[in-house]
Amino acid sequence: MSSTFGKLFRVTTFGESHGGGVGAIIDGCPPRLKLSAADIQAQLDRRRPGQSALTTDRQEADRIEILSGVENGQTLGTPIAVMARNKDQRPGDYNDLADVPRPSHADYTYQEKYGIRSASGGGRASARETLARVAAGAIAEKYLAGENGVEIVAWVSQVGTDSAANIDSATVTRAEVDANPVRCPDATAAAVMTSAITAARDEKDSLGGVITCVCRNLPTGWGEPVFDKLEALLAHAMLSLPASKGFEIGSGFAGTQLRGSAHNDAFVAGPDGTLSTATNRSGGVQGGISNGEPVVFKVAFKPTATIGQDQQTADFKGKEQTLAAKGRHDPCVLPRAVPIVEAMAALVLVDLALLQKTRT
Amino acid sequence: MSSTFGKLFRVTTFGESHGGGVGAIIDGCPPRLKLSAADIQAQLDRRRPGQSALTTDRQEADRIEILSGVENGQTLGTPIAVMARNKDQRPGDYNDLADVPRPSHADYTYQEKYGIRSASGGGRASARETLARVAAGAIAEKYLAGENGVEIVAWVSQVGTDSAANIDSATVTRAEVDANPVRCPDATAAAVMTSAITAARDEKDSLGGVITCVCRNLPTGWGEPVFDKLEALLAHAMLSLPASKGFEIGSGFAGTQLRGSAHNDAFVAGPDGTLSTATNRSGGVQGGISNGEPVVFKVAFKPTATIGQDQQTADFKGKEQTLAAKGRHDPCVLPRAVPIVEAMAALVLVDLALLQKTRT
Amino acid sequence: MSSTFGKLFRVTTFGESHGGGVGAIIDGCPPRLKLSAADIQAQLDRRRPGQSALTTDRQEADRIEILSGVENGQTLGTPIAVMARNKDQRPGDYNDLADVPRPSHADYTYQEKYGIRSASGGGRASARETLARVAAGAIAEKYLAGENGVEIVAWVSQVGTDSAANIDSATVTRAEVDANPVRCPDATAAAVMTSAITAARDEKDSLGGVITCVCRNLPTGWGEPVFDKLEALLAHAMLSLPASKGFEIGSGFAGTQLRGSAHNDAFVAGPDGTLSTATNRSGGVQGGISNGEPVVFKVAFKPTATIGQDQQTADFKGKEQTLAAKGRHDPCVLPRAVPIVEAMAALVLVDLALLQKTRT
Amino acid sequence: MSSTFGKLFRVTTFGESHGGGVGAIIDGCPPRLKLSAADIQAQLDRRRPGQSALTTDRQEADRIEILSGVENGQTLGTPIAVMARNKDQRPGDYNDLADVPRPSHADYTYQEKYGIRSASGGGRASARETLARVAAGAIAEKYLAGENGVEIVAWVSQVGTDSAANIDSATVTRAEVDANPVRCPDATAAAVMTSAITAARDEKDSLGGVITCVCRNLPTGWGEPVFDKLEALLAHAMLSLPASKGFEIGSGFAGTQLRGSAHNDAFVAGPDGTLSTATNRSGGVQGGISNGEPVVFKVAFKPTATIGQDQQTADFKGKEQTLAAKGRHDPCVLPRAVPIVEAMAALVLVDLALLQKTRT
């Protein structure tokens, strides 16, 4: 509901972009999981602004504190509260925004919805909100890795009009993804993407793109028909991310052009008689339930709405205005969105993993 | 959770494809809404198999019965139970399926998840399950139309490799959509699509495609940040549909190729000072909240998995098998999926409409 | 939420006292549980009106039908829908009630809440609604008995001012409870209670009383701190029953008069070192979690509100009226409430049992 | 679910008695509510340990911080996070407890449930957890008072074997309740209770008792049939409190001894034709829905489990032990539980108030 995600591994987040801090309560995490702040910090550092020349130079330490639920390096089974204080605030950057809702941003709709909104920055619509997701996702990942050997790897597969060559989703690693700041494991494409992002930034403009994500080593049986199919929850999770505009799993939109005879994934038996599929156009899911193949999906992100260029628009009173944002914003959110996509995938999977335990 | 959708207008469905019947309990519907079985039947008839030469010739009357919650043509505010009995069963058609899981269908994953599965047909993974969604959606639509004048219109915009010309989402009507059996309001494209579907059927094959849907006359303010953004709930709803593989809102995947300066929707003021946007690449949603523009989204459907052609696959024991489905199945689910997409959209919207009442 | 109970084993009920029927969808029941309509019918027959001279002579067959989720005598893991048609309706009995809200009944509050109400009978406030609870509870009991050997036994421990002697909660059985129509396993007290109920009925009056319930063989560890403690969920379940006015667990209200030194349950070790408690004033729960001792609680039921005597009251328009109910109602709901209390206890326990599986 | 209470006004709490801090996220609070930390602090100070000679001398400042969701003294509609740091820790006090589970406390059951537990103190079972409830309840109360003029007043009506004379629930105020440290508005009874508590403390023993609570000025129509009746949610809320053992509403257990003709609340019309009831044995609720009369209920609290006296018990290994708690604990939790009961009542009411908005 609103600020809570998940049914058994429930994450409830709080925090405006500018205020006391952001954080989350994770309720339902199994007990006796080895966990430290360092486990969480690693993913937060990948999400952090200011980590490379491609991102905003806004510096946020994003130092995470565990307030409860962990003792002597182990989870207690009780709610885990995590928090990062807000630090680097320049409310002055947002003064112009009080009267002029930024195009394609959430200023206007928050005001309409609540009859009030955070005086500076994007409030809950700010990318800073995703810090809490990444923290919670890191805990989920720790559990999934230890319990099921699940591996989740996301990467930038498209920036603007530039796409990566096919990446082998069966083997790609986070180290390969992090080999360059754009987080595209195709080095040639990464260089092109880097140039494109730099160019857009220099022109006070922004770029969108696509992130691909693979989840490996899922057992069969995760996912809940009818309404909580694995792909439905992934789509929910991904479209809840700021700036996301689309989701597809397996063959996705391209697969709609195939005939059934060409699209179906035939079953084949391994030496031990275990079934797998010869192809994976299903994206690891059949009938909403994992089939043991890698789960592969893509998420579309629009170009960053806040740009430094002049934009002709109107203020809240209906008067025409020229707006040029002064805040420090990413010219392309994709590189920093990689750990966020992984986090949300982990939150979906951990919930289904726990739920499946109630079937046995 | 699984078989329940919605938080305030909660729909819980039941029923296998082959069994006593399918139905739903709708809890949380506001009282004093004028409602009759006929209101529901109209949309059910659009979903019904056997309605045209393009669909399966399996005949299902799908006669809906209202069991509770309505008296003298008005809702009581108490749970509305609806049910349609199952009738046209030919379990013999499914005998071959007991040992051979159909490729890209849910036989294998249900068996893995539950350690048991419905002996015939697709159980809950069957398209028949969607009957209950359509019934519930019809009630939601009735409320939304009366309360807010909301209009929801979906249509087939692509079948296989054939696409419709641009449809004007501001004006397209259900009557235009229903003008041909393929439910594409572009008559020229519809004729091409019809040929393609007929050809696929004659070759015992199947086709996929894309449905576009518009929701008009939404007020501003519907949608719940952070996790229950309007587009997140729509994506959840659409990816919960059988055979769906993708979702995009507004500019979607194509929009990822634009720069921010070209993608942003500038605000413009009307004569009364009310803001709207000059373009609608946002698809009617900003920051997860409706902005008053039409909500426009697309859903990708894979080609029907069950085909009459021989398929090489393996049975549950790992032995190679040739499978040719004998059941009667749609060569293309798109035309019948139109009212289902509308129903799920209505369920998302009605829930957010009720939720927004708690903010005032 | 309203008509849904439980988080993992979720029961959603529907049905007015007078309408098409009453029933429930049970979602989340584990697969491969042996189940037949007869398993459910047994408890329904204990709840049925007209089963003895002590209850209303209104005859309701309450024949249950399983519509989905069960095949070849086993649950599929999919939603189990159950329904009983309504049959014996005499709306004429309720004509007087259209204008005069019955004292201490729900006519007035339903009208105020919804601006409309069922034209005859108590709508959802009728005792008939509990049929669906009993059906769902019977399924829960079947699971708990098979999985954990849990035994749930409730009995009438007080009627009006007459109380049973102490019943041994460690050994009392349903057979002993059902040995007399009043369902009090103390035969002497039962005879007194029977006379009291007969006298009240003859005087067109009604009696209240107390039901005691024990749940045996629970493992340790069921119950969720902080808000979903075992006793909190039991209290919720019991106070959701029509006519219930109070709940207490273990030492209850009487225990408030003891000092801690006299109230505490000391731990003692068995031969195998397993801890149990020397006394059970805690009622089987500590910190909201089962401790392995029998869970013992009591539920207070007020005297039936609908009585045949003349009552001075006012109609909806504020005019003074004399009301004498003509419907057929139980002079004392206690005997028929016994299986209902058991059912609700089972629903609480099964949910916690499934939830605890996610901790291991 | 576990650490979350409420459906629309959702409170999720965190924090062990000994750790980084305790707090809550309140999601779903309506926007534009005037709110400051001082509004919350007032009730926290009533809950605080060390406030009088009757409570533990453990000093906890319980200084609340609002981390998000409030700006310029108004709520934003976004999650409100509140936190109080833990300060006064003496883990040494709990060293003895590591091996010996305290009788009638949660040490044993937490260990059994989670296979691990907080090394010191009661973890989530500690009374300190209730701080977060009181903070959230204060916000709920602020809303209810402003929106509906709702007044919630609780008081100690029984300590051990000593009861207060009848308090007029129609008029009693918090000022009258707070006129003495025992929080009993009957001064004579308060003096007796004070002596009893002092005596128990001097004998290293403890006392239980009963709190009565009234909620005034509720409109008609709050409460959700079937499972979420107003009294069911109140019972859930109250039995979720540490040390509570019973709940009753209106006539409660005593009312079970009356006949229907004596128990029913007849309707009477006011000068404007509005109905009220001549008596209020229903406790302000009929059919689970508020009827406009004051909601009156009682909560039973057992004597504090942790006492300084020697107790014969067994340790986790099954060895007999003599235990004498060294921690500083209240000899009677009742006076400090008064604001906690009020807080939980407010959380129940605010949720139902918001829910009722979706009916109109």
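We call the chains A, B, C and D, going by the order they appear; numbering starts again at 1 in every chain.
Note that in this section a contact is a pair of C-beta atoms (placed from the backbone, for glycine too) under 8 Å apart; a residue touches a chain by one contact, two chains touch by 3 or more.
Only a predicted model underlies this, so the values are computations on that prediction, with no experimental measurement involved.
> Report back the single chain whose CA centre is most distant from the CA centre of subunit A.
Greatest centre separation from subunit A goes to chain C.
> State the pair with the higher C-beta contact count; candidates are A-B and B-D.
Answer by contact count: A-B.
> State, to the nearest whole Å, the distance from the C-alpha centre of subunit A to the C-alpha centre of subunit C.
Centre-to-centre distance between subunit A and subunit C: 46 Å.
> So how far apart, in whole Å, are subunit A and subunit B when each is placed at the average of its C-alpha atoms?
26
> Provide the C-alpha centroid distance between subunit B and subunit D, rounded to the nearest whole angstrom.
From the centre of subunit B to the centre of subunit D is 46 Å.
> Of all the residues in subunit D, which ones touch at least 2 other chains?
Residues 1-4, 7, 13, 28, 31, 77-78, 113-114, 124, 225, 359 of subunit D each touch two or more of the other chains.
> So in the complex, which bits of subunit C are touching subunit A?
Those in contact with subunit A are residues 7-8, 28, 30-31, 77-78, 225, 354-355, 357-360.
> Per the contact definition, I'd like the list of subunit C residues that touch subunit B in the complex.
1-4, 7, 10, 12-16, 19-23, 25, 27-28, 31-32, 65-69, 71-72, 74, 76-81, 83, 113-119, 123-124
> Quick check on the complex: what are the subunit C residues that touch subunit D?
Touch residues, subunit C against subunit D: 1-5, 7, 13, 101, 103-106, 108-110, 112-114, 122, 124-125, 129, 158, 160-161, 200, 205-210, 220-221, 223-229, 231-240, 242, 244-253, 255-261, 263-270, 273-275, 277, 281-283, 285-292, 300-307, 309, 311-314, 316-320, 356, 359.
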